[in-house]
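I have placed the structure first, in the form of structure tokens, so that the comments after it can refer back to it.
Each chain gets a letter, A, B, C and D, in the order it is written, and its residues are counted from 1.
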Amino acid sequence: MDYIFEGKAKRNTFLLIGGGVLLFMLGVAIMMMGHHEGESHLGQRIWTSLLISGFFFFGIALASLFFLSVQYAAEAGWAVVFKRVMEGIMAYLPIGALTLIIVFVAGSMHWHHIYHWMAPELYDVNSEHYDQIIAHKQPYLNQIFWWIRTLAYLGVYIAFMRVFRKRSLEEDEMVNPDEKSVFLKNQTLAAIFLVIFGYTSTTFSWDWIMSIDTHWFSTIFGWYIFSGMWIGAMVMMTLLTIYLKSKGLMEFVNDSHMHDIGKWVFGVSFLWTYLFFCQFMLYWYSNIPEEITYFKARIDDYTWVFWGTMVINFIFPMLLLMSKDAKRNAGFMVFVGCIIFFGHWLDVFMIVTPGAMHREGAVGFIEIGTFLAFLGLFLNVVLTAISKRPLLVKNHPYLEESLHHHIN
Amino acid sequence: MEVPSEYPEVGFMPLMCQHCNHAPCETVCPVAATTHSDEGFNQMTYNRCIGTRYCANNCPYKVRRFNWFNYVADSKFTNLNPAQDDLSRMVLNPDVVVRSRGVMEKCSLCVQRVQAGKLAAKKASEPLRDGAIQTACSAACPTNAITFGDINDKSSKVRTDAMNDRAYHLLEEVGVKPNVWYQTKVRNSMQTAAEPTA
Amino acid sequence: MTKAIYALYDDDEVMVNGAKAILAKNVRIKDVYSPFPIHGLENVLGIKWTRLAINAFLYGFTALALALAGMSFFMIQDWPMNIGGKPNFDLYQNLPAFIPITFEFTVLCAAHGMAITYLIRNWTLPGVKARNPHPRTTDDHFAIEIDRTENAGVSDDEIKSILQGTNPVEIFEK
Amino acid sequence: MQKESAIREPLILGDKTYHQITEDVCAPVEGKANKYWYMAFSVAVIVALWGVGCILYTIGRGIGVWGLNTTVDWAWDITNFVWWVGIGHAGTLISAVLLLFRQKWRMAINRSAEAMTIFAVMMAALFPGIHMGRIWMAYWVFPLPNQFGSLWVNFNSPLLWDVFAISTYFSVSLVFWYIGLIPDFATIRDRAVKPVSKMAYSVLSFGWTGNAKAWIRFEEVSLVLAGLATPLVFSVHSIVSMDFATSVIPGWHTTIFPPYFVAGAIFSGFAMVQTLLLIARKVLSLESYITVKHIEYMNIVIVITGSIVGVAYLSELFISWYSGVEYEGYAFMNRATGPYWWAYASMMTCNVIIPQLFWFKGIRRSLITSFILSIFVNVGMWFERFVIIVTSLHRDFLPSNWGMFHPTFVDVGIFLGTIGIFFVLFLLYSRFFPVLALNELKSILKSSGDNYKKLHHND
């Protein structure tokens, strides 16, 4: 019962990439012809859109690795049937890392100014651009240390992903199915990964995202970014499973499984909203100038996107996914899933753009085109990875539990 | 900061309630015992206060004072509050209420004087004249270091003083928008304004 | 004349299989008493799933509306005050500060509303007399209740012989 | 039929039947208390009375009998409040969150954990009351009609949010607990021989019969209440944290507070459950139900939440420097090196470093080390709240306002007194209530019982 990735599906991913690139070109052309003053922002805008979509899809792959580890660490049985889907999603990690590195290298080469702190004159006391606050951050925000951290995060994540994927096949081929060695080794590996991820997910979100608004700071930021990544991964898992089920390939996934994964989409949406609200409300309430500027920039210049993400990512899943029947209805889950998937891309847009583009950012052809192209690339990589191995694992000690999963 | 002698520039500065427009103390009171008046005063309603002391904690200037005991009748506090019998109680200002145990209090910018001044102007049917109302502190200061007045009155002395280059808000960076201005002391210092202080 | 016949079992699986056998013989089961919830029993007996969750949603939704309306009345309409410069002209401007209480009140009403509905619906209230047929149905035994009036077409002896065929530990009338 | 993997450890040890479970759990209720119970009870009552005396003294004379001053307006009162509320979070977490996650091991501990929650929240609710200057006016925090007509409360105030949060949390937890207790009271009722206890448990069991429909409703109510209680658990401690985080005080004002307080609450709550249950399983002979695996699971929760708290401490510390805000930076420097450095050091040691020992399997499966470490966590979490409250207040913006806090005998007395009251309640509970969830345990016997698992493995 292997999935074969060819024909229409494969063509469609290429169509997505092609369509995305076309839209992107269209957007660039419009900008070049239309506003002359817009030209100076064009490069910045392109790089910003690459960072948004690059980070968004990278985050999904990473959160999938996280979720897989959680299954091991928590001794959870029900989700074993999804394991190959999770492994497929996380296979995008190296490509995702590459796209990020391209954006970061361009930053270091000063082809764009998304990372304001990379400009050397900020640290020069004699320069008119000298920035006392940023200079204070120099021991942490300097390119050498920052690059060491970035490469370390990416390298470690990819290494863990590879080991998990390799061991998964080893488990399939085990001669003695009663042997638990792979499972037990994976449990240890998962615990180690979760500890590393627990620290680095906070620091990489400071390094890659929070430092865009260089003056600004928020302690909850890492957890907020992480919750957005997580929801993306859960939605992607749901959608891919529904797709594979519609091909008649994942019959072993029953209503109870879909119900449970729907609960995760619902629950993580709440978590995201909670973290969003904590950050926003606390800064809104105490109204301290250096903190409130962040939200002021977003609410004043990106009013609709700011409140729109809130509506899409909170009210939609809350109202639509509350009932049991909704979570078990594949068509409905696809509908809600697609909406909140886009909603969380908008959230990343919301976080990145005001710092990188100030008032000049917009959700236009360039951004949507980049999103579609990345989506096509992502699906192509993930579906190729999924097609390379059987859709159901073998010899996993909780496999029987998962296959007989039943809830009311 | 732990060793004051390392900071010889420390000087004396009278510090009372700054009557912030974005007062952090007001928002946190559960019973709305401290609110803003139309004049811009940060009002303290003693008889509504239940004494959670949250306002005092959230005040960046720490200018609120709490009635820890019943100072009016507790014989242990005759040294703090001699006005405990009928005779000595006559030293108390009849325009100001005696605060009970368990309530918060602070500078009201002599709200009783303000009300009296407004009433006098109203009776005389004339606009409130700048300087007609004096708080107890501004009246008592022998060097006229304290000015009280209507900041909305463009010709008032307090307005010109507040617009002065020397005027500043204490802890302006917290963003509470106080209604009290200080004027910086002119020092003959080697340090210039452009030079960043660490 | 007793109203009902009971079969007492000492194992849940035996009881569930017994219930299936009894129903297969067209004898109607009035109720089943057990010391703990048995999964899947509702399908055997054909009992519809409870709608208490919908109740909870309605209570919660009402509370949500009530909390927002209440706070808007107290803080915006009835006595608007300038409290630390927090905007008090419109509900939405001050909404972030109202969210926590709105949430708490929603949960409060949904939870208590549902709990009260549950107690009344079950008729488990202080002072109500227990109606379980045998004291060990709250310990380790399981009882099937057959109502005579519901099974007018079947004689007592027939019922008892059907029950006897399902391996009960005891058959009694009450 | 649900399948359970053979590699999962059994949750009910020994050769148990449904009846044996009833016997084991009802034994403490039906038997007589031993002398250790009476000794513990007497000590608890004496301490509790001493605490009540201190509370009455405070109310009689004024808050001035505590060590507070103009600089430090909250200290042990709110520290104790937050500490107790935090402890009160494990019970509902175990019964609600773990129910949603279908963790069967919760069934052995949820009843006692919920009882602990309720008693702990009662202790917590005491402090916002007695810390008020005018406690006799406490009812003013409710939006009640009054002679001024339109004088309402201030819905902007986090303390008012607390009023709603704590009362919701307490009452919902109580209802959740009681709804689970009703069928178990019915079990005791049907076994009771003495007329007095028969009558008492008849009233307590609300006439529970246990018919099929009642069980369906019971399951649905438990599930929906769990669904409601889960965000409630998050919200309550978040709102408690907002008492601090909405302020402008450096050290208080930080966005990570809500989730970090929630993690800390679960952390301290599980530690307290661990402390209590390690004693209870021994005293009440419940070793077959509260097994080493249960202890291990709780220790895993402790090490995870402890690590989350650790990440939060380090995030705060780092961002205080990174922000470039002088006051923030100083507040954290002062925590670590100022006059209360020992409190910060205790907090870091007990909450972050010591629980890391639970990464070792031997330590987290040992009863003695689990007990000792759980005490460390309880102490550490008290220090955490003390650090947050007192060290942030005693040094803030203007050096002229700086001061110190020194507790008086009344502060100490009230804190110890609440521990006394808590134990009085818990000891009474352990004598008169079924300390394990009978009906739930029976429902997992066949999937997770030792004897049944062996049976399955053989065929």
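The rule is simple: contacts are C-beta pairs under 8 Å (C-beta built on N, C-alpha and C of every residue); 3 or more make two chains touch, one makes a residue touch a chain.
Just so it is clear, the model here is predicted, and its values are computed rather than measured.
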| item | value |
| --- | --- |
| Middle chain, criterion being Cα centroid separation | D |
| Pair of chains ranked first by number of touching C-beta pairs | C-D |
| Whole-Å gap separating subunit A and subunit B, where each centre is the average of the chain's CA atoms | 52 |
| Intercentroid distance (Cα basis), subunit D paired with subunit A, Å | 35 |
| Chain centre separation (subunit C, subunit D; CA means) in Å | 28 |
| Averaged-CA centre spacing for the pair subunit C and subunit B, given as whole angstrom | 61 |
| Contacts with 2+ other chains: residues of subunit B | 22, 24, 27, 29, 32, 174 |
| Sites on subunit C at which at least two other chains make contact | 39, 49, 83-86, 97 |
| Residues of subunit A whose C-beta touches two or more other chains | 132, 281, 285-288, 290, 408 |
| For the subunit B and subunit D complex, residues of the former touching the latter | 1-2, 4, 13, 15, 24, 27-32, 48-54, 56-58, 60-62, 64-70, 100-104, 170-171, 174, 176 |
| List of subunit C residues in touch with subunit B within their complex | 81-86, 97 |
| Residues on subunit C engaged by subunit A in the complex (per definition of touch) | 39, 49, 57, 85, 96-97, 99 |
| Contact footprint of subunit C on subunit D as seen in their complex | 2, 17-19, 21-22, 143, 150-156, 158, 160-161, 164-165, 167-168, 171-172, 175-176, 179, 182-183, 186-187, 189-191, 202-203, 205-221, 223-225, 228-229, 231-232, 235, 238-239, 242, 438-440, 442-443, 446 |
| Subunit B - residues contacting subunit A, complex | 22, 24, 27, 173-175, 196 |
